[in-house]
Amino acid sequence: MIRQNFFKELYSMAEQPMIEMKNVTKVYDNGTVGLKNINLKINKGEFIVIVGLSGAGKSTLLRSINRLHDISEGDILIDGESITKAKGKNLRLMRRKIGMIFQSFNLVKRSSVLRNVLAGRLAYYPTWKTTFNLFTNEDKQRAYEALQSVDMAEKVYSRADELSGGQQQRVAIARVLTQNPEIILADEPTASLDPKTSHQVMEDLRMLNEKYNMTVVANLHSIELAKEFGHRVIGVRAGEIVYDGKMEDTPQSVFDSIYNGGTGKEED
Amino acid sequence: MLKLPKKKFKMWNWVWVILMILGLVLSVQNTGTSLPEFFANFDQFGEIFVQMAQPDWSYAGTAIPYLVETIKMAIISTVIGSALAFIYSLLIARNIVHNKVITGVLRFIMNIIRTIPDLLLGSIFVAIVGIGPVAGILALTVFTFGVVVKLFYEAIETIDPGPSEAIKAVGGNGMNNIMFAVMPQIMPYFVSYALYAFEINVRASTVLGYIGAGGIGLQLKNTLDMFSYNQTGMIILVIFLVVLVIDFISTKAREALMR
Amino acid sequence: METTMKKLPPKPVTAKTRAVKWLSWILAIVVLIWSCTGLDFTGIKPTAGQITSAIFNGLFHPDWSYVYNGSGEDLVSQLWQTLCIAFLGTFISAIISIPFAFWAANTRHKKFWVSESGKIVLTFIRSFPEIVLALMFIKAVGPGAPAGALALGFHSVGMLAMLFSEAIESLDDGPSEAITAVGGSKFNVAVFATMPDLMPALVSNTLYRFDVSVRSASVLGLVGAGGIGYPLMIALNYRQWSRVGIILLGIIVMVVIIDWISGAIRKKLV
Amino acid sequence: SSSKSSSSSKVYTPSKSHPLTIQFVPSQAASTLEAKAKPLEKILSKKLGVPVKISMSTDYNTVVEAMKSKKVDVGFLPPDGYVLAHKQKAADVLLQALRYGIKQPGGKQTNKLVKFYRAEILVKKGSKIKSWKDLKGKKIAVQNATSSAGYIFPIAELKNKGLDLTKKGNANLVTVTGHDQAVLDVLNGDVDAAFTFEDARNTVLADQPNIMKKVVPIYFTKGIPNDTVSVRSDMSSAFRKKLTKAFESLRNNKKSLKIIESIYSHEGYTPSKDSDFNIVRKYDKMAATK
Amino acid sequence: MIRQNFFKELYSMAEQPMIEMKNVTKVYDNGTVGLKNINLKINKGEFIVIVGLSGAGKSTLLRSINRLHDISEGDILIDGESITKAKGKNLRLMRRKIGMIFQSFNLVKRSSVLRNVLAGRLAYYPTWKTTFNLFTNEDKQRAYEALQSVDMAEKVYSRADELSGGQQQRVAIARVLTQNPEIILADEPTASLDPKTSHQVMEDLRMLNEKYNMTVVANLHSIELAKEFGHRVIGVRAGEIVYDGKMEDTPQSVFDSIYNGGTGKEED
C-alpha cells in the first residue's frame, strides 16, 4: 500500500486530476440541498472512501460525478473535460470512462450473467448492433475473462436472479471490468452483503485499483472496511466536505466525530 | 387496568359509505331495477338457458369454421394491436420519456382511443372497408391497443429503475436502455397482457358480428334471430372451449416466463 | 488480459430446450401466417374516402341540439342512464364476485380441484356473450335498463372474480394461518384475515371494471337493454354522422371524467 | 289461423297498475329514424287511459322473447319477426304500418299510402346483368337468412321462376349486414348485385349523392307486408279493439302524425290480419327448401 | 426459576401431559419428510425451546401441534384429546386452547390493532356475531387490557401496518393473551427483531408462562435467548428429535453439535 501511495503522490504532482469538482452545488427539485459548494480533486489511481451519516450527501456526490444527477451550480471535470456541459454522444463517451457499482447491484434480473456483463460494452457499439445483440467474440471473451477474475466464470449462463447477493455484486464488478473505465464509483457496494462477502467485494475493488490502476471512489458505511481499504478519506456532512485526509493520518476520533455530529474539522 | 377509550371518528369512511349508498340508490332509481321481480320471474330467465343447455351438436360443423375465422381475426389483431401498444407505451412511460408535454399529449390521445366502444369502432371500419373480417380485424386491433397500452405503460413505470441507471452509467443511450434494462423486465407482463387481450378479442367478436364485422358473432345473431337456442348453445360452448384453451396457454406461458 | 484465462465456453443448451425454443418460434410464425390466410382483404373501398370524410365531417360538426332537450331521450339523460347501468352492474358483480373469488382462489390448504372448478365456472361466465345474457334478463324483467344492469352485473363476475381471486392468491397467507390457529372458522378467516388486506385490490379492480362496464353498457342497448347503445346504433345504421359525432364526444367526456374520479379514489384508498 | 289466439286461458288487460308495454324494432325499410319513445307514450296513454311504456331494440328476437314471457304487450315487429313470433304463439297481428309508396325510376316517394313494400335487385349501371336470368353464377350481396327483403323474397321468387341461387354453383351469396352496406358493395364493385328493400339507395344518398345514377334496380318482388303492430296472445279482445282504434286515429291528428312520421317513419296504421302474412310464410318455406 | 421447575415436575408426575405426540410422521405432498416418528410429551407449565438447523423440521413440528399442518401418521393429543381426529367445531375449540406466535407476526395489516387482538376471541363466538363485529364490551375490555400488559395501549386504534416490527409482535402476543390459551406455540418469534426488542418479546412470553401458567413451546435460533428463557431444550435434526433435556443440564457442546451436524445424542 505504501508503495502505491507513493506513486499516487508522484502522479498527482505531475498530472491533472482525474476528477475535479469546482464549486459544485446541487439542489433537488423539492428544495433539498444535496451538495453545498463542493471543491474536490481526485487523482488517478487513488482509492477514496467517502464517509458520512445517512442523508449527508454521499450518494449525491457520487452520482453527480457521472451525471446521473445534474448539478445546479459549478462544474465537474473528468480528466480535464467538463462532464457538466457534455451532451448526447459525448456524454455517453465520458460515462464510458466511469464505471459505477451500486448498493443494489442493478443487474437485470431476468437476463443472463453474460448479457449483464456485456452491457458494460454498450457505449463501444453503435445502437443497432447492440439491439440485435451483435457483440464481437472478442468482447464476449473479455466479459468471460472479467467473470473469471471475480471467480464467477461457471455462472456465465445463469440468470442473474439465481445468484446470491454477493455473487450479484461480483457480476456487477465484472460489468465494470468489461467496461474498462478509468474511474470506478461505488455507492455502498457492500451494504446488503454479509461481512465475508463484503470483504471479498472490497478485495475485488482493491484488485481493480491496484492491478488496473483504476481510480476508485467508494461510499462506505463500515468504518472497518473504510480503514482497511481506503487511501484517502473524505467526510461529508449536510452536503459539505468536513474532512479530507490520508487514511493513515486519520485517527478514530475523526470517524467518531463525523458519525456523531461533531465537525470533524481537524484538517482541511 | 384502564377502560377501553372510545374510537376516533373517521370521517372519510362515512363519506365513502354514504357516496356508495347514494350511487346505489340513484342508479336503482334511474334504471328501475327490482331484484324481487327478477327472482319472481326466474323461470323465464332459465328458459332460454335450458334450451341452450341441449346444444345442437350437428351445428358444430357450421359453427367451427366461423370460430376459426374469429380466432384468426383475434390472432392478427392481438399481434398488431399489442405491437403498436408496446411501442406506444414506451413513448408514454414517464420513466423512459421524460418530456411531460410529449407524454401528456400522447396519453390524452390514448385515453380517447380507449374510450371508443368496440361496437362504434366496428361500425366505422365497416363503413370504411366494408363488411367482413377486415373491418373486424381493424376494430379489434384498435380495441386491443386501447386495452393493453394502459396495462403496458403501467407495468413499465413500475420496473426497477436500478438497471436503467446502470445502463446509463456505462454510457448507454435510450435504445440501449430499452433493450437491455426495460425489455427483460417487462417481457413476462407483455406476454401475459397480450394473451389477456387475445381472450378478450375472441369474446368481443360475438358483439362485432352484430354489425357485420365477421367471425362467429354473425352466426350467433343468426341463431338468435331464428330462435334456434340449441345452436346458440353450441356456439357458446365452442367459445367457452376456446377461452379455456387460451387460459391454459396463458397460464403456462406466464409460468415459463416468470420462472 | 492474462494468458491464464479460459475461453468462453459455448452456451450450454440441452437439445430439449433448443428444440422447444425453435418449435415454439416456428409454431408462432406458422400460426401467424395461417391466420392471415383465407381472409380476403379486398383493399380500401373506392367509397371509403367519401364515407370517411362524411364521418369526420359529422364528428366535427356534432349535433348539438341532441345534447339536452329535457325529453329524457337526449344525450345527457342517455349517458346518465348508461352510467347508472354500469354503476349498478359493477356493484352487483363486485358483490357476487367475492364468494366466487374465494372459491376460485388457489390458496394453500385447499384441494386443487376446488379452485380449478371455480376457475372453469368463471371462464364459462366470461365466455357467455353479454347479448345473450341480456336477452335472458329481458325475458325475466322486461326490456330496459334493469335487464342491462343485471346482465352486466352477471357478465362482469367472470372477469372481476378472476381478478379478485388472483389478488387473494397473491396475499400473504400468514394472517389467515393466525386466524386458523386461534380456532377461527373458514368464514372467520375470510372476514378477519383476507378481506381487510384484500380491500385495496378489491377497490382498484372494481374501479377498473367500472371503466370497462361503462363501455359495455353502451353495447347492451342493441337488444333493448337501455342506455346510449340504441341511439348510437340507430345513428350508425341510418348514417346520421353528426349524431354519431355528438354521442362519441359524450362518451369520451364521460369516460375521461370517470377515469379522473376513479384515479382520485384509487390514490385515496390504496 | 285466425288472429284470435286460443292458447291462453286467462286474458290480459292492461290497467293503471299494469302499464301497457310496447317495444319497437326499427324497420329495415326506414331511411331515417329518430329513436324516441316519449312523445308516442304520451299520446297513446291519453287515448288508452292506461300508462304506456315504450322501449326500443334493434333486434326482434328480444321483443318476441319478452312478449312470450309477458314482459311486453305490444311489439312493432317486422313481418318475418311477426311470423316467427306467431308460430311460437307469442303474438297476434293487429295493425300494419302505412308508408308512402316508392316510384321508379328514381326511387322517390309517391303520396300514395301503402301497406306493402318490395324487395329489389340492384346492379351497377352499365352492368351486363340486365334481368334476373343473368344472375346465375354472380356474386350477390344478401342479408341475413331471416331478412324478408334482403334474402327471403328475392330468393323465393327466383326459385319459383327456376333459378335456385342457394344451390351450389348457381351463385355466390355474400351475407352482409345492413342494406346500406349492400348498396355500397354494388357501387364499389365488390358484388355484382344486391338484394335490398325498395329503395335502399336512399340510405346512402347523403354520403353518395350520385347513387341513383350509378346503381339501378333490375327486378322487384311482390309486396312484403309493412311492419306490424302485434299484441301478446293473451290480450283481451276489448283492449285489442281499443288499441286498434287508438293506432288508427294517430293519422288523423297532425301532431301525432308528425310524431310517428319523424320518430318511426310511419305514416299511419291500418288493421291487418294474420292471413296477410301467408305470403311471407310461403316464401319462407320456399326459400328454405332445398 | 428453580421453584417453578419443581412445580412442573410435580405436575408431570401427577397429570397427563399437555401435549403428547405419538409416532408422528409428516411427509409433505412433494415427498419431503418433515417429521420422522416423533414421540414427545410436554407437561403443563413447561417452557420449551426447540433448536435445530434451518430446514430441520422445527416449524413443521410446531405447526403439527395445532394442525396447521396435517400429519401423515401417528397421533397428537392435546390435554389427552386427539387433535388429529378432531373436526369442524371440535377442532376449532381445541385450537382455541393453543395460541400461536409467528415469526412474521401475521397481523392483518390493514385492520386496527384492536380488531387484530379481538381476533383472539373468534373461537368463543358463533360466526355470524363476529361477522357483524358483535364482540361483547367485556371482550373488548379484555383485549385492551392485554394490550396494556404488553405496553401497547395507546396504539389500540392504530392500523397494524403503522407499527414497527417489535410493536407488531407485541400486538400478536396481546392477541394470544386475549385468546387465553393453555399452550403457546412460538415459531421464531424474534427472528426479525433487533436484540433489544427480541429480549422484550421473550420477557413477555416468560410472563405468560409464569403469570398465567401457560405452556410455551418456542422455536429459537438464538442460543443466547434459548439459554436465558428455556427450561427444557429439544434438538431437532432432519425431522427427528436428537436431543431432549433440561436447560441446566445442557452443556454448550450440545448446541454446538446440533448446529454443526453432530448427533447431539448425549441423552435421549
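Of note:
By letter and in written order, the chains are A, B, C, D and E; residue numbering begins at 1 in each of them.
Here is the rule we use: contacts are C-beta pairs under 8 Å (C-beta built on N, C-alpha and C of every residue); 3 or more make two chains touch, one makes a residue touch a chain.
Note that the coordinates shown come from a computational prediction; the quantities given were computed from them, not determined experimentally.
Fewest steps needed to get from chain B to chain C, stepping only to touching chains, is 1.
Between the contact lists of chain B and chain E, the overlap consists of C. The most distant chain from chain A, with centres taken as the mean of CA atoms, is D.
Taking only C-alpha atoms, you rotate chain A by 175 degrees to land it on chain E; that is to the nearest 5. With centres defined as mean CA coordinates, chain D is found 36 Å away from chain C.
Separation between the centroids of chain A and chain E, computed from CA atoms only, is 48 Å. Per-chain Cα centroids separate chain D from chain E by 79 Å. Within chain E, not a single residue touches two or more of the remaining chains. Contact of a single residue of chain C with at least two other chains is seen at positions 42, 45, 51, 135, 139-141, 144, 222, 226, 233, 239. The multi-chain contact residues of chain D, meaning those touching 2 or more other chains, are 59, 61, 65, 69, 71, 178, 184, 188, 190.
The set of touching chain pairs reads A-B, A-C, B-C, B-D, B-E, C-D, C-E, using the touch definition from the header. For chain C in complex with chain D, the residues that touch the partner chain are 42, 45-47, 50-51, 54, 71-73, 134-135, 138-144, 222-224, 226, 230-231, 233-235, 237-240.
The part of chain B that touches chain E in the complex is made up of residues 1-5, 7-8. Note for the complex: chain E touches chain C at residues 66, 68, 91-96, 98-100, 102, 104-111, 115, 119-120, 122-123, 127, 130-131, 172, 175, 179, 185.
Of all residues in chain C, only 172, 174-175, 177-185, 187-188, 191-193, 196-197, 199-200 touch chain E in the complex they form. Residues 137, 140-145, 148-149, 153, 156-157 of chain A are the ones that touch chain C when the two sit in their complex.
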